[in-house]
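The following blocks contain the structures, represented as structure tokens.
The two complexes that follow have chain A in common; it is paired with chain B in the first and with chain C in the second.
Moving on, here comes the complex of A and B:
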């Protein structure tokens, strides 16, 4: 049986977990091809105009998969941490896909909801597993191997490798050689899809910088920095961004911060504001906010990155 | 303490009554107007949703009027509203205002904080006094909803012309606002029954259900008085969200943990199988329910970039097709203009009229 995984949204975070799990269950895993103009075009055709770019592109990936696979995996990720949510758009994702795209193969749509109990995760694992096998031991074994694979991945991340490097298999840690360190903040599906962000990481690194992302920070950093919050924030991805920004006060090795948000992103409209105000008040690190959508052009982005990197270079020289 | 709070429709009337009868000085910000919006847009994040911007405008105007404490509702997500208070505090204190913000968060395992915050608000008042204040405020909320309904029916049935209806509505709204005794409210209710009698229209009006995000549905400044506009054309409009009902299910029942699965959730299930924050699920469910009740159409209103309602907006076309009921989504933001709205509403109502045979001539009356 062929199971399709769309290359979009939280795929970039959970690829090692999902792929290994399905492979261990004896399935043929088909991941949709990298995002292209065509993916975007297909996605825009079926979605409402005010939904965000990553969701539009996700639609494109599902369309490209639907005729080549027996089932598609579209998890309903409600919450991956206690008392926190991902984003309303991910909570309704399978329903939106079903409403927008016709002639879909069956959808595997486990609900991952840890809002009230950590057991929610295991429930989802068995829900998915039991679709393919009725032997619980097989599911457990597959799950064990998958988590082990996932752990290796997160450990590599904490050592400083970026998801895009690991997923591409070309981990060149040039951090020692790099002239500057740039903290690129944003959601994983924007940062690690070079089509969405117009190859931004490469563009920045061409200036001799090393780009680090929120995925490079450990859980403890999040915990210590988020305890400062007046009221706990209920978006997991937003928390990551906030904590990554908050630790800048203690870190002296970051030369610039770029916040990349998709147009119309709900959580980021507030978090971006908080981060910007905080960085300007508490640090003297240069900060720029870049908004991307399906109309973003290479030239506009180049100009801004060039200006930003020029400024950092000059600051460093003085 | 000079207390203030942002606007949502005419909610300021019950809230003001509640705090004033507890002996707290209340500063009601000017009713949301163009200046409010301009102030809000100027100081809010660009892509924040419209309610946050209007709220900021309200708060600035209240602080300028001399308020020093702002009470704000909180929330536990995933809708942005739950984090409004933090962003608003940040924005306002960066502007240099000196104030205190009291946030009433739903008790998610932290009942003590809520109790503490409520205690800060109500001070040393006796339980009896709080009960009477709450009863008075609640009665006002109920009366205002009755007034809204009666006024709507009077317009739809053409028993009153637009000017008279406006005058009568303003008169009663003011009376309800100013009254401080429970008995007097009862008198007003009787008076209302006298003035608004025999409201059944002599024809069968076009019926539209209004669904969407709660603030946009309830606040007439933000939705540009969409309900009255349609009613003046002789279209019956049913709001899917009412304040008292919302308070009942969300404050009382949820606190006691006895709210069961609601009709709307069951109706929405084939199309949207999970809560998505805000009123996204209810928008889908209510559209199904309106279709079942043989309404002629559904209007879906949402602020630009509202996450839960974008989910609903994505799904509603499928519901519309399945149940053969026209649905129009209207996105509101600071650039929305009266004329654009009118054009779309007219086209929508025209469509509904054509669908409903024999009604064509009688209903489309434009003033």
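Moving on, here comes the complex of A and C:
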């Protein structure tokens, strides 16, 4: 049986977990191909205008998969941390997809909701596993192997590798030769899809910088820094960005911060503002906000990145 | 080379502006550059040119046509020019054809900047369009705004909203000066709330870019900020001036010979053509520039396989 995983949204965080789990259950895993113009075009055709770019692109990935697989995996992530939530658009993702795309194969849509208890996670694991086998031991074993794989992934991330490097299988970019260290903040689906962000990581690194991202920080960092908030935010992904910014006061090795948001992102309109204000008030690290949408002309982005790197270089020289 | 204007500046060894020209790009950047080259080169020979720099959204194209020694983004270029004009400058407001920017400097170093995000509301081309719609030459726009006694409030958050608001105000009988002044105020409000949001605008403040010619906007800035706004003598060509300085620095520091193609470029026929690369599923749009049939530059691809033309000996 072939199971399709769309290469979009939280794929960039959980691919090593999902893929291994399904493989261990004896399924053939098909991940949709890298995002292209056509993925976007197909996605835009079926979605409403107001929705954010990463969700449109996710639609494109589902469309590219639907005729080649027996089932498609679209998890409904409601909450992965106590009293926190994932973006509302992702909570309703399977429903949105079903409403927008016709002739879909069956959707495997486990609900992951850890608001009340983190047993909710195991509920989701068994819900998915029981589609394919009725042996609980097989599910448990597959899950064990998958979590081990996932752990290796997160450990590599904490050591400084980025998801795009690991998922692409090139980890030789970890050199310390870089002149600058840039913290690129943003949601994983915007940071690690070079099509969405017009190859931004490569663009920045071409100026002799090493790009690090929120995925490179440990859970401890997040916990420590989020305790500074009077009241934690509702959004797990937003909290992560905020914590990554908050640690900058203690770090002296970051030369600049770039915040990448997709146009129309509800949570980011608030979190971006919090991050920007905090960085400006508490640090003197250069900061720039970059917004992405459907634009495929990258002149505007190039100008901003070049000016930002120029600024950092000239500041460092004095 | 900007979206609306193409500007050429000639500077001497001491960075003084010898000659300058401000031309409308009018969708034909190559023609505009050639016209400018013709003007600058009237009593000069190719040997008189020690270095060339290009900036602005058309900087790649301009560099290909002229043979540039340095290609720089317009933020850095404007900052360099601003510092040259007033070394102690702390804030540069720059409104161009399609971009608006703020550059914050401290002690001659850029410490922060911002540009309008993906929307180009409230920039020069919007003012141009409104002037055209109202049948007023853009040159008179500013002075007309100053005549207003009772400015109306125009929605400034979005150019589309602003235009419909202006039409509504005009249809209920407000006079044109008041509408124009309202528009200037809306544009300034939009700039301060978006581009300059959260930034500390310290004195001295410079106002650069084509829109600085508009006295109505300058006045609206001064009223909103309650501060004096300085407009440099060469406000309209500051980007070009800045990159000229950078070219001079580079040539002097690295002791290199310029790659200037010569003034004959003004008569060379340049052709641009484009094609969609089918090498992978990205289908990048590749642009090629040819001079008398010979390929001189190419860009537009994500992977770099087409723009590596510079490494090829055959060209």
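The criterion applied here is as follows: the second predicted complex is superposed on the first by the 314 of 318 C-alpha atoms of A that agree within 3 Å, B and C clash if a C-alpha of one lies under 4 Å from a C-alpha of the other, contacts with A are read in each partner's own complex, and residues count from 1 in each chain.
Everything that follows uses one rule, which is that a residue touches a chain if its C-beta (ideal position, glycine included) is under 8 Å from a C-beta of that chain, and two chains touch if they have at least 3 such contacts.
On a predicted model such as this, the values are computed, not experimentally measured, just so you know.
The superposition on chain A brings chain B alongside chain C with room for both. In the superposition on chain A, A:2 makes contact with neither chain B nor chain C.
Working from the superposition on chain A, the chain A vertex angle toward chain B and chain C, CA centres, sits at 80° in steps of 10. Look at A:263: by the touch rule set out above, it reaches both chain B and chain C.
Using the contact criterion defined above for the overlaid structures, shared-chain residue A:89 touches chain B, although it does not reach chain C. Residue contacts after overlaying the shared chain place A:233 against chain B, while chain C stays out of touching range.
Shared-chain residue A:78: touches chain B; no touch with chain C. Applying the stated contact rule after C-alpha superposition, one finds that A:181 touches neither chain B nor chain C. In the superposed model, A:274 makes contact with chain B only, not with chain C. In the superposition on chain A, A:302 contacts chain C only, with no contact to chain B. Nowhere in the superposition do the C-alpha atoms of chain B and chain C come closer than 5 Å. The intersection of chain A residues touching chain B with those touching chain C, taken from the two complexes, comprises 263, 277, 291. Of all residues in chain A, only 47-48, 50-51, 76, 78, 83-89, 91-92, 94-96, 98-100, 111, 229-231, 233-235, 261, 263-270, 272-274, 277, 291 touch chain B in the complex they form. On the chain A side of its complex with chain C, the touching residues are 33-34, 36-38, 194-195, 199, 263, 276-277, 280, 284, 286-289, 291-293, 295-296, 299-300, 302-304, 306-308, 310-311, 314-315, 318.
Every residue of chain B that touches chain A in the complex is listed here, in rising order: 45-49, 52, 74, 76-80, 82-87, 89-91, 94, 103, 105, 108-109, 271-278, 280, 304-308, 310-311, 313-315, 317-318, 331. Taken together, the chain C residues at the contact with chain A in this complex read 57, 72-76, 99, 109-115, 117-118, 198, 280-283, 285, 302.
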